[in-house]
Amino acid sequence: MTKGIIHYEVGEQVDIYLLIKTVTKGIASNGKPFLTLILQDKTGEIEAKLWDASPEDEVVYVPESIVKVFGDINNYRGRTQLKIRNIRPANSSDPVRIADFLEVAPMKQEDMIDKITKYIFEMKNPNIQRITRHLLKKYQNEFLEYPAATKNHHEYISGLAYHVVSMLDLAKAIANLYPSLDRDLLYAGVILHDLGKVIELSGPISTTYTVAGNLLGHISIMVNEIGKAAEHLGITGEEVVILQHMVLSHHGKAEWGSPKPPMVKEAEILHYIDNLDAKMNMLDRALEKVKPGEFTEKIFALDNRSFYKPTFHQ
Amino acid sequence: MTKGIIHYEVGEQVDIYLLIKTVTKGIASNGKPFLTLILQDKTGEIEAKLWDASPEDEVVYVPESIVKVFGDINNYRGRTQLKIRNIRPANSSDPVRIADFLEVAPMKQEDMIDKITKYIFEMKNPNIQRITRHLLKKYQNEFLEYPAATKNHHEYISGLAYHVVSMLDLAKAIANLYPSLDRDLLYAGVILHDLGKVIELSGPISTTYTVAGNLLGHISIMVNEIGKAAEHLGITGEEVVILQHMVLSHHGKAEWGSPKPPMVKEAEILHYIDNLDAKMNMLDRALEKVKPGEFTEKIFALDNRSFYKPTFHQ
Amino acid sequence: MTKGIIHYEVGEQVDIYLLIKTVTKGIASNGKPFLTLILQDKTGEIEAKLWDASPEDEVVYVPESIVKVFGDINNYRGRTQLKIRNIRPANSSDPVRIADFLEVAPMKQEDMIDKITKYIFEMKNPNIQRITRHLLKKYQNEFLEYPAATKNHHEYISGLAYHVVSMLDLAKAIANLYPSLDRDLLYAGVILHDLGKVIELSGPISTTYTVAGNLLGHISIMVNEIGKAAEHLGITGEEVVILQHMVLSHHGKAEWGSPKPPMVKEAEILHYIDNLDAKMNMLDRALEKVKPGEFTEKIFALDNRSFYKPTFHQ
Amino acid sequence: MTKGIIHYEVGEQVDIYLLIKTVTKGIASNGKPFLTLILQDKTGEIEAKLWDASPEDEVVYVPESIVKVFGDINNYRGRTQLKIRNIRPANSSDPVRIADFLEVAPMKQEDMIDKITKYIFEMKNPNIQRITRHLLKKYQNEFLEYPAATKNHHEYISGLAYHVVSMLDLAKAIANLYPSLDRDLLYAGVILHDLGKVIELSGPISTTYTVAGNLLGHISIMVNEIGKAAEHLGITGEEVVILQHMVLSHHGKAEWGSPKPPMVKEAEILHYIDNLDAKMNMLDRALEKVKPGEFTEKIFALDNRSFYKPTFHQ
Amino acid sequence: MTKGIIHYEVGEQVDIYLLIKTVTKGIASNGKPFLTLILQDKTGEIEAKLWDASPEDEVVYVPESIVKVFGDINNYRGRTQLKIRNIRPANSSDPVRIADFLEVAPMKQEDMIDKITKYIFEMKNPNIQRITRHLLKKYQNEFLEYPAATKNHHEYISGLAYHVVSMLDLAKAIANLYPSLDRDLLYAGVILHDLGKVIELSGPISTTYTVAGNLLGHISIMVNEIGKAAEHLGITGEEVVILQHMVLSHHGKAEWGSPKPPMVKEAEILHYIDNLDAKMNMLDRALEKVKPGEFTEKIFALDNRSFYKPTFHQ
Amino acid sequence: MTKGIIHYEVGEQVDIYLLIKTVTKGIASNGKPFLTLILQDKTGEIEAKLWDASPEDEVVYVPESIVKVFGDINNYRGRTQLKIRNIRPANSSDPVRIADFLEVAPMKQEDMIDKITKYIFEMKNPNIQRITRHLLKKYQNEFLEYPAATKNHHEYISGLAYHVVSMLDLAKAIANLYPSLDRDLLYAGVILHDLGKVIELSGPISTTYTVAGNLLGHISIMVNEIGKAAEHLGITGEEVVILQHMVLSHHGKAEWGSPKPPMVKEAEILHYIDNLDAKMNMLDRALEKVKPGEFTEKIFALDNRSFYKPTFHQ
């Protein structure tokens, strides 16, 4: 079995199958068109240039199709790049499927939904429980397939559900240490906080923003969904406003997209849990790519910082 | 007829009826309780101290009751203050009613609703028209009575409706000059933009924030209302998202409470019209109180600026 | 008649006359020089690359000369680009003049000056009227030809005068709704606010900043001009300081270039009118280029926002 | 047994022992001196005014002495205040000791040091373990008695040690969920991060800043201590720099006092754990004072937010 | 001879002449009027309260009159305050004049003007020299009497001229070390940079802002003056724009009131010299009031910092 | 003798020796590798492209080796670039040494250390003198060779020592004018403020940041060094904390890397002197490259400003 594309080093030769993620056409300085391909497998992605692209090439090499590539790993402005010597589209006799190349959450969908269902089952407040269950059910299919974001963290298939599962475990561990926390609110907040992404984003693959996503954002979308769910279920208690507030405020500050800052204790903690899990995810993935004694590349979503892997971390 | 309370100058004596707006109890340095009264009439308000307040005084002098006061106008730290020499609660034989002391919009409720109805009637897009009419009707009573804010601008009875009427006229004048503007969107945006205040605020008198107002804010409340109205009316067109976006973005920037900035032309213009009308209202009221050649007091909502009234403005 | 250059789509072929706006020489990766041409007509501009440029090419293809180009419209990094197949300089037998390619205000100079003169004629305060008339007369020729800016808004021939005319109409419409406004101040402020640009900028074509423009800016330049005009006309009233303040403060905030914020009501409104007209101009031009259901490109001067054209805007 | 001072409501009468925390002399408007006393017991503190204070009063009523007070609970500008009717210093026959009035951590010093020692014992990296043990031992007495801060959070006797113990438990829970974390670094970071406070602050009671605290701050003080400890122990590995970095960066950002932001994964997590425990402490104490359906007073260290206690939180 | 008012300590008794700087009337909690007097001598000022002020007191105790006061120095909220036991207006037989109480620059006006004249004489560029000499001569009387500011630094009689003299010496010392600096520009910039204050401020005593000062500021006023001076002298060289730029940019940044930042080397250095001299003045005066081992009070114009006087600074 | 590389103009031909500073490999659009060389001599550096680089080229052309280049000066995106026609490595028979190409401070190391020693000799406070002398001696070799920074200012061999010498002269000149300044503190602060750079940076050539430099920064490194020096010398006076504070605060603000702002007068002045000398160095070097009447390129460390060289500066 071949190793993942991100594990090749500059100077190595590759002869492997990869999935085309995006294609952009350009005109080279010699006046001829070329294609910039982003190729991916489960481990990550690499840029490749197909020089002197023919009109046929433009038809054949399109996103979400598989190719067999032979070439060399080079370094271009500090990033690895694949220099293509030979490329062909995969055909039905090649032993590969698209799913082989897509990164997915490290947990099965069934296991995730089981776990979340158990957390919902633990809730004692019926209003909170019913609204949460209703909305999860309404969007369950998308929820189990969507990424948590288009980039930065959990940006893979089922990333949204996996982010929620990790946060639920974290919420439980924290609630064990600080018993004054309302677990129902915390669990419901975790489950609902990013559920609006199933409307904000276009889908699990080649994810972009929808018009509603651009103009309203997942936060306002979900506040609206909670309001409609409560009306549908005939629930009028203060739990509705509090749940809307949890979702509304989970980005923490107005300048980060929350029109109100957290004003309920569990909303404040939800903001923390969300951040902590997202950062652990980003840090682990960035540090995986470097050796002890090295710095990671700058991580945009962490204030553009580079992180150091101590030499004693073997 | 007596002149309004804000037109008395330091040194003058008053002997008039006023309405108690708020009462706060304090303990003086001699150890005796005193009451700080905010007294108002239609023209504005003044602070007064009732020293050596008896327990009976605390019972008698409560908000929303009328008093007859005899005293002097003093200056305390740059603000006028009423020094009470004599005070008594008004009784049934006094020729005064609460409504005589409350500032109201300079236009009758019937005239305002007529004018707004005419603007709705002019709309050509049925989806926009139906949602706007539905929501205005749902909250019409409160809409016609509420202030536009607890302070800063249009903070009087029917201030909300009057602000909307002024903005509609401004919207029309601007749309006449820039014909590319979509009048339906602009009028609907004006009518709906602050309608959530009827849920955010407690009512037309002694106005405070409700719990939902504090935790969600009028913007998110109204986005939700539009969503529910559309569902109720069976409207699914893009107009729903655009109207929600108009309301969502009318504060202009994340740090001013809009989770998304305006991303539709009419939303940008709505933000401008709202600002312009609010500022004209603040400026006119502040400049009314000073003479040519003087500066107004600092206006908090205008970045704490003082404004100068030129000497040639007689 | 040919359609404007910005209306061609990727894949189309062009065979048209265009004006060279700027030329930049580069060295291609094959070591040979190439020219990056910005070509324009009245509708806008497009980038083109002339590969393998000979020394003669560098002499022939210079700014403000007309060329006949045959080539294809391509897409390069999200922007259209013209791929030149054939190019030649226009000669005296070609039926084209430079003026055919320059964007100009959509109103004749005579009409604009007539309209502005009428507004000046309406002024009642003689000091304000005389200073305004004196300065407009002093710089009338440049005022009628200059753009309002080097980019962002009204960046075409006579853009400055057109911006002023639009603002005057807007000022009048607003003053009709808010009668407390001093029309004299407002009209004078509109006419003078950007007049310093005739000294700050180099001229109507290929506009750059002068040394005085860079070191002082149009605001300080104009404050000085008002001071000198008043001295010349023997005017000493407070109107001089107020007019200087109107110009000084019209950018609204220190960080936007106004050493004092607006502290006179009409100065505050002038800042609003200026912004509103500039934004309408930017928005209309950006939205013209996209179809319903699309977002515009990011507009730098509008906080880098993209604007959406609703699908129901046919 | 009497209830704590913060549990009295406006209108109640008190007749209890309290400890004087601070005394400030003022001159009343009648020209006579008065004393502002901050009185405390284990539950919190209250302000009291002693009007017409005699020279003897100034001698008798000094910080860290106990008084018997008889008086009424009033409300002054939204805060409760004790109106003294009668006051006398406690004497040897009164059944009270200073320790009865001081808030202390809810865990015994022995238990805390045992727990921390166990965590140090779990460390596998000898360099990290030896530096941590050396510094804890060097400052153990102060560490077990000092508060974690002069205000905001854990501002009571042994607050520093208690904050550390809570953070260690939190660190362990998080490390269980994210096994890539280096527990040695995390535990050492927790134990050392605020240890410099034993030099920055003056002591456990009436805590103020020392000169070194003001001019250097606990972060730089501790970085220096780690450097000296390593020199003393002859340790030169990269662990020294990493531990210094953990302490240096634990405030997260330059503007919050960390000259370098976290650039090691465990440093980032340490910053989170510190924040989470401090905020839980602040929130619990603020929410304890209000009833369901109420907002807390504004909490300065939480961006001046008020927090709401839901009505369904009985 | 008596010692200065700022050198009395809490507990001391005073029986001295002082000048009334400002008077503010208030109403005490017993309902009686009182006067807050700011009393000053050459060394500084102190607040005093005159309780139970009679109407005659209000007539007698007015700004810029001298009083004989007998009373005690107290501490009120961390500031010394004079508790008046006895006060009377000074009369013609008292051996005091107003000038005895006003702080003045520590250098004679003749010496300052001589020194400045010598610097102007050293200039080699005739355009710079003539403009500087013309403007200094035009405003010489006010220049020699005005303070440099209403507060913060050099806020005493002739403070403006003294600030300029100190800066000239500093400019010379720096130019000696960095010979590439243009001394003419630097000296002219120093002399002109704050000269607009003679129009911005009301005068040497009880200094306030004029209307032109408020609406334009001393920077724009002076840019205008340089323009008019150049026109008057028939000077058209680039020196005019550069001198205007030096004045324009000397606050360093837009948000500090300079519409353009320094863009000429000498303008950048002028900004530094101005700051350095102002800060030395503030620091020396604040540190004079404390003993070694103490911190000064917070200095607003130095970012509200307290400064420490080391114990080894005897 | 050849002129320096930065003095060649576009269009000129060069045939000179240069030192390779850095080499980066790229892949051209024709698929072939190329090398981007930064070539330098004492006057500065220039970029050059070596197209179609062979594997041998990659071995031969490495940093810190000398080459003979024949080629043309071109302009690429506003910057000069050297177009290589011919290149070869220098060999032992070429009359050049590496030191010929490195920029060094304009003062000999012996003269610098003599001068600094004289300043230390002038100190009167033995604690300050001993700590300063001890640390200078400990790191003297590196101190005399290191640059003051990797870029922006004094970024050449011995730049650190030269920056210190210039600052000492400036400190003396300022102390002469403001005699209240403590010269010992000021001189010691100047000498120690950047000494931590000998640990933060990698060395005098091809300077980068060390791990300790990245994670701690030169400020914290030096605070630690002062602490260890004091312990080593048995000095415990307040001078230790004050010296640590001087170094700690010399960047002036938290957001510029100083965890505490200057809180001692000499610390404030040190911050000024440091800035002034660094800015003079940047400005002189940027202005050297332009002619009168031109603007410099944007200087990043001066807020990205361009500076103008007046036409009368011949």
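Note that the chains are named A, B, C, D, E and F in the order they appear, and that numbering of residues resets to 1 at the start of each chain.
The rule is simple: a contact is a pair of C-beta atoms (placed from the backbone, for glycine too) under 8 Å apart; a residue touches a chain by one contact, two chains touch by 3 or more.
The shown structure was predicted, so the numbers you read here are calculated from the model rather than taken from an experiment.
The chains in contact with subunit B as well as with subunit C are A, E. Of all residue numbers used at the contact between subunit D and subunit E, under half are used by both chains, marking a mostly different-residue interface. A centroid comparison over C-alpha atoms places E as the chain most distant from subunit A. A straight line joining the Cα centres of subunit A and subunit E is 60 Å long. Centroids of subunit B and subunit D (each the mean of its C-alpha atoms) stand 43 Å apart. Taken residue by residue, subunit F touches two or more other chains at 29-30, 211, 214-215, 238, 242, 263-264, 295, 308, whereas all remaining positions touch fewer. Pairwise, the chains that make contact are A-B, A-C, A-D, A-F, B-C, B-D, B-E, C-E, C-F, D-E, D-F, E-F. Contact residues of subunit D toward subunit E in the complex are 24-27, 29-31, 33, 211, 214-215.
Within the complex, the subunit D residues that touch subunit A are 125, 166, 169-170, 173-174, 176-178, 180, 182, 185, 237-239, 242, 261-265, 268-269, 272, 275-276, 279-280, 283-284, 287, 295, 302-303, 305-308, 310-313.
Looking at the complex, you find that subunit A touches subunit F at residues 28-30, 34, 49, 51, 74-77, 81, 83, 293, 295, 308. Against subunit A, in their complex, subunit B makes its touches with residues 211-212, 214-217, 219-220, 223-224, 227-228, 231, 238, 241-242, 244-245, 248, 254-260, 263-264.
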